[in-house]
């Protein structure tokens, strides 16, 4: 199996399960489809010489964020989306049109700029963690620390938001 | 051990902070300790520095604390200056200040709540801090800080009984009138800087003295502006109107701020700048004339006042006029000497009047007093000594200082001003004895209820009275006239370094201008005039219960009414300034503010409201609509980029 | 060409596809949590593009960027879900068509 | 990649998996006999000598039983969940080194499934995926006990993962590498030298305690088996499961126990190494594998021992312990290790 093949398979799976995620009407299934999609993305990350990001992707996204989603879904016991009589048809049609236009524009710009702008490169050595870590803790140290404060704020904020209001 | 100069103002500042921050919580005992203690220690600190200085004499000592403002070639330091002039001021400011603080403990104790008591002492301490900063400052800017500080404290303390309408109004009035003077002072300061390029006292005066011809032309304006500041602070005509009203404050405040210390800041400043004034003879002339006019003008008003504190207030104005008269004719030593003696006896008088008011439960109208001498023996005796001193009866302090001024005026060859001064001396003796007679002799004219409760003041109040009376009696010996010997005038000898020699034709400092014989004659004349005024008042008010005066008033009713109404200066100002301004303010309010400014705002708000009414339909609250709009925008942008 | 012989164009194509799919989900779904999921997908599509360029340009900065994006996504998910929980308690629905309190 | 390389790789990966699958039934026997020992009763003793064939009988029973799927269950996820759980548990083994480096015709072959540079990260990634098996089982059963069990489990695992990861970060910091063979290599040196090169448990005792306690919570074992607390939740997330699917959950649990033990051995007790033992020959390598097995078995036994000794925690106590005691302690340990590394003691 060449890396190229692996990439194609992984990317294909990611796209496929992303579609499943969007199409499926049950939120829990959507989450699971997204887990698979993200897992496949992690594989592509490994192929793009970013094993650390791949691991973080699995640990944080698949292992924490999406579990959180599942958790909330189960907690709220969200029902399946029921297909109502046409849900704001104008909005749906406009949205669909806009999405298609956007996709076309994206494709066009990809053709115009995307592939040509990247510098051609030789084989990348298999990603080593140390340089990334060194970069993270030197040049981006301040951002890293700021991030920790952001996470703390998010922790406190979500706690306050989700707390049941005490009955008077 | 030498105490650094900055300690002296710092201690009252500490007292101020303590009283302000902790006073209300910790109660009157603490406030008394902190408020009076800080001044006491500051007095000790100052005197530990001053005693050697008085003994050894010496030049100016400058102690630089820190650089303050530096901009280009303009630099101002926080630095303090000890020279004979500031030493003299500090000596009595601290000492008299301490006595009055001590007196305040007894005076304020029963009147006020803890909060009010703390507020009172906090302001008093702040005042002491400002006053000492003013006196010790080594440059115009720092002096201005003190200048504004004392003005602020004056305002705060006049309005101390802020719940009373007239007290608040009096405070406001003092503030506004003082601002006019401060404006002059500021402009004068700018002028000094533009002329000399520095604001440091030492540099300015030495440059002025070294090169008098160069600076003399511009100095007249600068000096007049500075003098405008002094007029505001020292209540000279026509800016005198605030001081009588300032009596709305507590009596110790009147004694300290509006008699002994703050109001003399103008005299101090003019004396401090003598090197400049002496180069501007026209300005000197203005100072002398304003001083003389103020002296007689206020004395005349004092004749017809019935409020005991108002009489003393006008007397203060009048005496300040004397001081400026002295400065104006070049007799700075005499002026400063009068500042010193005046501080003693006028403080004593105010504190004595405070004791009387205290004894009568707040009564200030002399028509409802009388016969208090036996009931208030200490107050009466000290008050009498201070009155005699003020009236200029030898050998009490006032005699020597006033005589020095009159001699100075005479020597300066200003016969009209001399006559004015002499006549004012007579008036002074008259109205002061009128006051003493009405208050202490005869029979009690107030209600029986009040009369029954009359009692002598507590020791904290009488002790300062006795000390000040003693000083009023003997203080004059510090500045004996020259007929008693070359070095008899210790004050003049001590202050000599403050007056740098200026070698400009016609500006030499005159010495031995008056021969001893003439001087004896002048003394005799002034004593005679004072004694005449004194005896006349005694005769009219003590013996004949004021009937001759009533008759006199009845024969010139309009003139009497005019004098009793203080020449209606306030009414004049009301018509000239207050009402036009009030009218202008109303126009600005009703027309400019309400119609124009508010109109613009309302119009803008109206347009915004209209637009908002139209646009609010876009706000559906549905997040998908927003997302769609967002996407459409992005698509449009992408298309533009691709097309471009 | 980028790492392991994978052309950058392919990476970008995959990324673009995922992004459009996410966009469709975000615009067409009515369930707030599904919309949220779609947004997460869009974020990952962007991550993929960034990593693709990072690999092509031999830059580690791209990995740093993605690292931060993931961490911020975690914070965002925590707060966002807490908001949904609070919202659901209040309105008993997470259909965004019915959640339109913030209008005039 | 030649055929022999591929074969070698397959062997390296599959060998431990096969060993585990063979050993698992025996573990069950050990657990039940151990329970008997501790509770002063015989335990299984009917099938075969000392009941040794009991596991076999159980396996046969599991295969033979009828496989029920509740009518309201979500069939797809219901079937998927046990497989996911077992799969996640098994894949963790891929990065744990279980023996010294073998030398085959001059080619060093480390005895580890995949000697990847992000070994520990991989472990945590897979561990975090193992939540899905349990959560989905709980949710797809469409049963309130199962759902509560599943939710509890996910919350518990996510919470303790933090403490566990932070504790392990101390080891990573000391080793300076995520590669588990590096971690073992770091611990196979002298105990007396400076920097210290002995078992990590000595300088990082605090970290080990945190890891040890967290491991119990991660594997849902007593005293932290809240997700399947039979007194309140019947059997938690696998209430509805029966037959082979139930057996798969059962297996997953035991595999997790073994993996946790192996991990503790690798991270804190020198893995296959032993003080003064430096295998070079084939026999030495075999011995190293044995050493690893014995150490792991020891911890597996502790798991069982604890199960029959300690009472169950209450759920709020569990959460409080995780967030307010273990996490701060793990952070403290991290600071301590950072200090040691800074002053070259590690």
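The letters A, B, C and D name the chains in turn, as written, and every chain counts its residues from 1.
To be clear about the criterion, contacts are C-beta pairs under 8 Å (C-beta built on N, C-alpha and C of every residue); 3 or more make two chains touch, one makes a residue touch a chain.
These figures come from a predicted structure and were not determined experimentally.
Asks: For the chain pairs A-B and A-C, which is connected through the larger number of C-beta pairs in contact?
Replies: Greater number of contacting C-beta pairs: A-C.
Asks: Tell me which chain's centre, taken as the mean of its C-alpha atoms, is farthest from subunit D.
Replies: Here the answer is chain B, farthest from subunit D.
Asks: If you average the CA atoms of subunit A and of subunit C, how many Å lie between those two points?
Replies: 5
Asks: Using CA atom averages as chain centres, what separation in Å is found between subunit A and subunit B?
Replies: Result: the chain centres lie 78 Å from each other.
Asks: Where the CA atoms of subunit B average out and where those of subunit C average out, how many Å apart are those spots?
Replies: Averaging C-alpha atoms per chain gives centres 75 Å apart.
Asks: Using Cα averages as centroids, what's the distance between subunit B and subunit D in whole Å?
Replies: Result: the chain centres lie 90 Å from each other.
Asks: By the touch rule stated above, which residues of subunit C touch at least two different other chains?
Replies: In subunit C, 23, 27, 30, 97 touch at least two other chains.
Asks: What parts of subunit A, by residue number, touch at least two of the other chains?
Replies: Those would be 52, 56, 64, 75, 95, 98-99, 102, 106.
Asks: Tell me, which residues of subunit D touch at least two other chains?
Replies: Residues of subunit D touching two or more partner chains: there are none.
Asks: What part of subunit D is in contact with subunit A in the complex they form?
Replies: For subunit D paired with subunit A, touching residues are 77, 116-118, 121-122, 124-129, 131-132, 135-136, 138-139, 147, 150-151, 154-155, 158, 161, 178.
Asks: Contact residues on subunit C for subunit B in the complex?
Replies: Against subunit B, subunit C makes touches at 23, 26-27, 30, 35, 96-97, 99-104.
Asks: Once bound in the complex, which stretches of subunit A touch subunit B?
Replies: Answer in residue numbers: 91, 94-95, 98-99, 101-102, 105-106, 108-109, 112.
Asks: Using the touch definition up top, name the residues of subunit B that touch subunit A in the complex.
Replies: 624-625, 628, 631-632, 634-635, 638-639, 641-642
Asks: Spell out the part of subunit C that touches subunit A in their complex, as residue ranges.
Replies: Result: residues 1-14, 16-25, 27-31, 33-34, 36-38, 40-41, 44, 47-48, 51-58, 60-64, 66-68, 70-79, 81-86, 88-89, 94-95, 97 of subunit C touch subunit A.
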